[in-house]
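Report on the following structure.
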Amino acid sequence: MISTRVSRLIGIFALIALVIFVGIFPVGIAPNDAVNTIAVFTLIGAIAVVGWNIFSGYTGYISLGHAVFYGFGAYTFGLACLYWHIPGGWEPFLLLPITGLVAGAFAFPLGWISLRTQRHTFIVISIAWVFIFQLLAYNLKGFTGGSSGVFMPLTPWVAPYADLPFYYIAFIILLIAVFVSWWIRHSKFGLGLLAIRDDEDRALGLGVKTNAFKLTAYVISAFFVAMAGAIFAYYVGSVYPEQGFNPAVDLTIVLMGFLGGVGTVAGPLVGALFVTPFQQWLDLQFGGQGVNLVIYGALFLVIILLLPRGIVPSLQEKWRNWKEARQTRLADRTRNLNKEPSSALAERGGEG
Amino acid sequence: MLGCRDTKKGRSVITTLILQGVVLGILSGGVYALMASGLTLVFGVLEIINIAQGILVILGAYLSYWLEQRFHIDLFLGLFITIPIMFALGVFIEWAFIRRLKWDRITLSILVTFAIAVIIEGALTYFFTGNLVILQTRYTQQSVYVPFINYYMPLIYIYAFILSVVLLLVLYFIVYRTSFGRCLRASMQNRTAASLIGINVPQVQAITFGLGTALAAAGGMVFGATNAFNPASSYDLISRLLVIIVLGGMGSLWGALAGSLLMIVISDVVVLAFNPLWSSTVFFIFLVVLLVFRPQGLFGKLEGRKQ
Amino acid sequence: MMLLEVQAVSKAFGGIQALSTCSIAVEQGTITGLIGPNGSGKTTLFNVITGYEKVDSGTILLNGKSITNSKPDVVFSLGIGRTFQLTRIFPHLTVLENMHIAARREHLNELFSRWSSTHEQRQALELLDLVNLLSHKDDLAGNLSYGQKKLLEFALILVARPQMILLDEPAGGVNPTMINEIRRYIRTLNQQKGITFLVVEHNMEFVMKLCDTVNVLHRGTTIAGGPPSVVRTNPAVLDAYLGA
C-alpha cells in the first residue's frame, strides 16, 4: 500500500526531474532552432494560461479579454524601450516586472467595471475591452505608432543561441507564476475563490468578501499575462494593434486552460504543452489555406466533448475512483476474513 | 459615403451629417437586429452563448454569393434556399454538439461553438479564399436621393431594411402568436416547469437554434450586400453582436432590437459626422458606460449570482 | 432580551407583496419557530434579515443595532448564520475545505497563509465529529448524501461561532431517524452554547416538540405568536392553513 507520504515524495521528485529536464532542454536534449522556437512559444503561452487560470480558473468567471493585458504588456515594453532608449540584449528583461505592474494598474478599473456584471455578461464585456484597446492603439497614432506599431530593440545574439535568453527568462517567469498559482490554491484566498466558483452568493453569506477577492485575482492574473505579452513582443520583434490586442490569443488561452483543466495548478501547463506545438505544426503544414483551421477546430471539438473537464481533472477523477475502488476491495477482503457483519457497509453508504 | 452636398436649407453641416447617420444607422440597425435576435433567442432558450453566430452569418453571405455567382439566382429569391439549409444546419449542430453539454453549459458552449466557428471559417477560407467580396445585383447598384437629409441612399440599404423588418415581424409573430412560440417562451422562463407541463423541451431547443441560424442566413445576405466581407470578418461581427445583446439584455428580443438600433445609429453618426476611426471605439465605450450603471443591460433582469 | 427584532418590514416583488409590515421578535437563547402556509413569506423574511434582499420599508435590529439592508457578509460576521431550503454547500470542494471557508478571517495576512493551521483544523474536525462526518473529511462535498449535506451545512454555520442561526426547513426531505438527530443537535447547541435559533418548518410535530415559541406568518404578516400549545389551537392559525 502506498502511503500519502511516499506518494508525496515521489511527486516532489518527479517535479524536480521535470524542472531539470526543461532547464537543459534547449542545450542538452534538443538543440534545434525550430524546436527551440516552438519551445519559447510554449513557455510564453504557459505563462499566459497560468496567469489567466489564477482568475478565470479559480473564480469561474471566464475572461475572454485577457488579451488586453497581453497587449498592455507588449506595448509598455516596446514604448519603454523606445522612450528610455534601452538597447537590445539582457537589459530590457528588467522591464518585465514593470510591464506587469502597469497592466495590474489598468486591471483595477477594468476589473471593477467588469465584475459588477453577471457571469455571462462578464464574458462579453471582457471581449469588449480587447476591441476598445485595439482601436485605441490604432487611433492614438502619436503615442502608440498606430497601425505600424512599435519596434522592439534588436538583440545582439546570433543563432543558434539567439533563442536561449528568451527561453530561460520565460522559464523563470513561468516558475514564478506556477509557484504563485500553487500558493494561492492552497491558501484561504484560493479557497475563497473556489467557493465563489461553486456558489458565489453562498460564499458571500458565509463571510467571503467576494468583490475584493475577485478583483485581487483579476489583478494578479493581469500581472502575469502582461509579462507573457511583453516577452512575446520582444521575441518576435514588434507589436502592432492586431497582434497585441488579438482576440485569437484569448481564445487560444481559454482553449489551453480548458484542455488541461481549469482551476488546477498543473492543468494550464498541460494545456499549453499540447496546444502550442500542435498549433505551430499545423500552421507549418497547412497554413494559410484554411485546412489548418478545420483540423484545429475539429480536434478541439472532439476533445472538449470527450473531456469536458479537461485532462488533469479527468485524470484526477480516475485516480480518485481507482483509490476508492481499491479501498472497497481491501475492506471487503478484510471483512470476509474477519466475518464482520455488514455494519461497516452501512456506515459508508447509507446515511441520511 | 456617397453624395454629401452642401445644404441649401440653412442647417449646419454637422446637423445634416448627424441626421444622415441616424437614418443610415436605422437602416443598417435593422440588419444587425436580425442577426442579434438569433443570438439572444438562443441564449434565452438554451442558455448558451453561440460564438459561431458571426461565422454563420458569413456562411449565409457566402451561400447567397455562391448561388448568385454560380447559378445566377437572385439574392432575395436565393433566401428561399439558404434559409432552409441553414435552419437544418442549426438543428444538426444543436442535436450533435450542444445537446450533450450538461455541466457548466455556458462556458462549454463558448468553447464548442468557437471550435465549430473555426471549422466553418477554415472551410470557407479553403473554398473562397480570404479575398474580400460583396454581394451585388443589378437593381441594388442604384441610389436614390433623399432630400431631407441630403444624401444619396443606395437602394440596397432600403431593400435590406425592408427585408429585415419583414423577417423580424415574422419572428415576432412566431414567438408571440403561435403555439410553438408559447412553448419557446415557456422554456425560456422555466425549463423544468415547461417539461413538466408536457413541452418537448429538447425539440424546442433544437428548433430555436435552427431559427437562430436561419436568421443568420437572412442576416448574412443583407450584411453581405451592404458590407465587403471575407471569412475573417466574423470576429468583428460576433463582437458587435455580443455587445448588442448585452446592451439590450441577454435573452430579450426587444433588447436585441433596441440595442442594434442604438449601437448602429451611434456608430454611423460618429462615422459620418465626426471621425470614422472612432466609430467602433465609441460603440464599445458606450457599452461599458451603460454596464457600469445598469449591469443587466436595457431590458435584462437582475438576478442573483448562484452559478 | 430581544436578540433580533424585525419591525414592520415590507417587501414586494413586482405585483406580489411578499412581506407586509411584518414584525417578529426573537428572544436571546430561545428556539423560536416560524410557520405558515406556502407563500406566506417565510423565506423572504430570512432573505431580508440576512441581506440577500433589500427591504422596501421597516427596520431590522440585532442587539438593538440596525442591520437593515446590510450585505450578507456583514450580517454573517455580526453573528447570524443561515441555512437554505435546498442545501447549499460547495460541491467541488472537500468537506474539510468547506469548513475552512466559513472560518473567521481576522487579519489580512491570514488570507495568504495555508488554511490548515492547527487551531482552525482542530475546530473544524471537532465540528465534523459532532455531526458524524469526520470520516468523510477528504471526500468531495458533492458526493455526500442529501442528509449528510444538510449536516455539513449545519457544521459550516457553526464554525463561525454565531450567536443566532436561521434554519430554513431543516427537516425537509430527511428520514425520521435523522429528523430526531437534527432536533437533538439543535437542542444541544442551544443549551450548551447558548445559540439562538429561528426555525422555519412545515413539519408540525418537529416544530411543536422543539420550539419554545412559535410565530405564524400568513400573507406576509404575523397573525399569531406564543408557546406551541397556544398557537396550535388558535382559530386564526387554523383558518390560515385550511383556508389558504
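As written, the chains take the letters A, B and C, and residue 1 is the first residue of each chain.
Keep this in mind: contacts are C-beta pairs under 8 Å (C-beta built on N, C-alpha and C of every residue); 3 or more make two chains touch, one makes a residue touch a chain.
Everything numeric in this text was worked out from a predicted model, so none of it was measured.
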| item | value |
| --- | --- |
| Chain nearest the global centroid, as defined over all protein CA atoms shown | A |
| Of all other chains, the one whose Cα centre sits farthest from chain B | C |
| Interface with more contacting C-beta pairs, comparing A-C to A-B | A-B |
| Chain B-chain C separation of Cα centroids, rounded to whole Å | 48 |
| Gap in Å, rounded to a whole number, between the CA centres of chain C and chain A | 40 |
| Gap in Å, rounded to a whole number, between the CA centres of chain B and chain A | 33 |
| Junction residues of chain C - those touching two or more other chains | 52 |
| Junction residues of chain B - those touching two or more other chains | 304 |
| Contacts with 2+ other chains: residues of chain A | 197-199, 201 |
| Of chain B, residues touching chain A in the complex | 43, 49, 97, 100-101, 103-104, 106-108, 110-112, 114-127, 231, 235-236, 239, 242-243, 245-246, 250, 277-278, 280-281, 284-285, 287-288, 291-292, 295-297, 300, 303-307 |
| Residues on chain A engaged by chain C in the complex (per definition of touch) | 183-184, 186-189, 191-192, 194-195, 197-199, 201-210, 347, 351-352 |
| Chain C to chain A touching residues, read off their complex | 50-52, 71-73, 75-77, 82, 84, 88-93, 97, 100-105, 110-115, 132, 135, 144-151, 156, 160, 174-175, 178 |
| In the complex with chain B, residue positions of chain A that touch it | 60, 62, 64, 113, 116-121, 123-125, 127-129, 131-132, 135-136, 138-139, 197-201, 247-248, 251, 254-255, 258, 289-298, 300-301, 304-305, 308-309 |
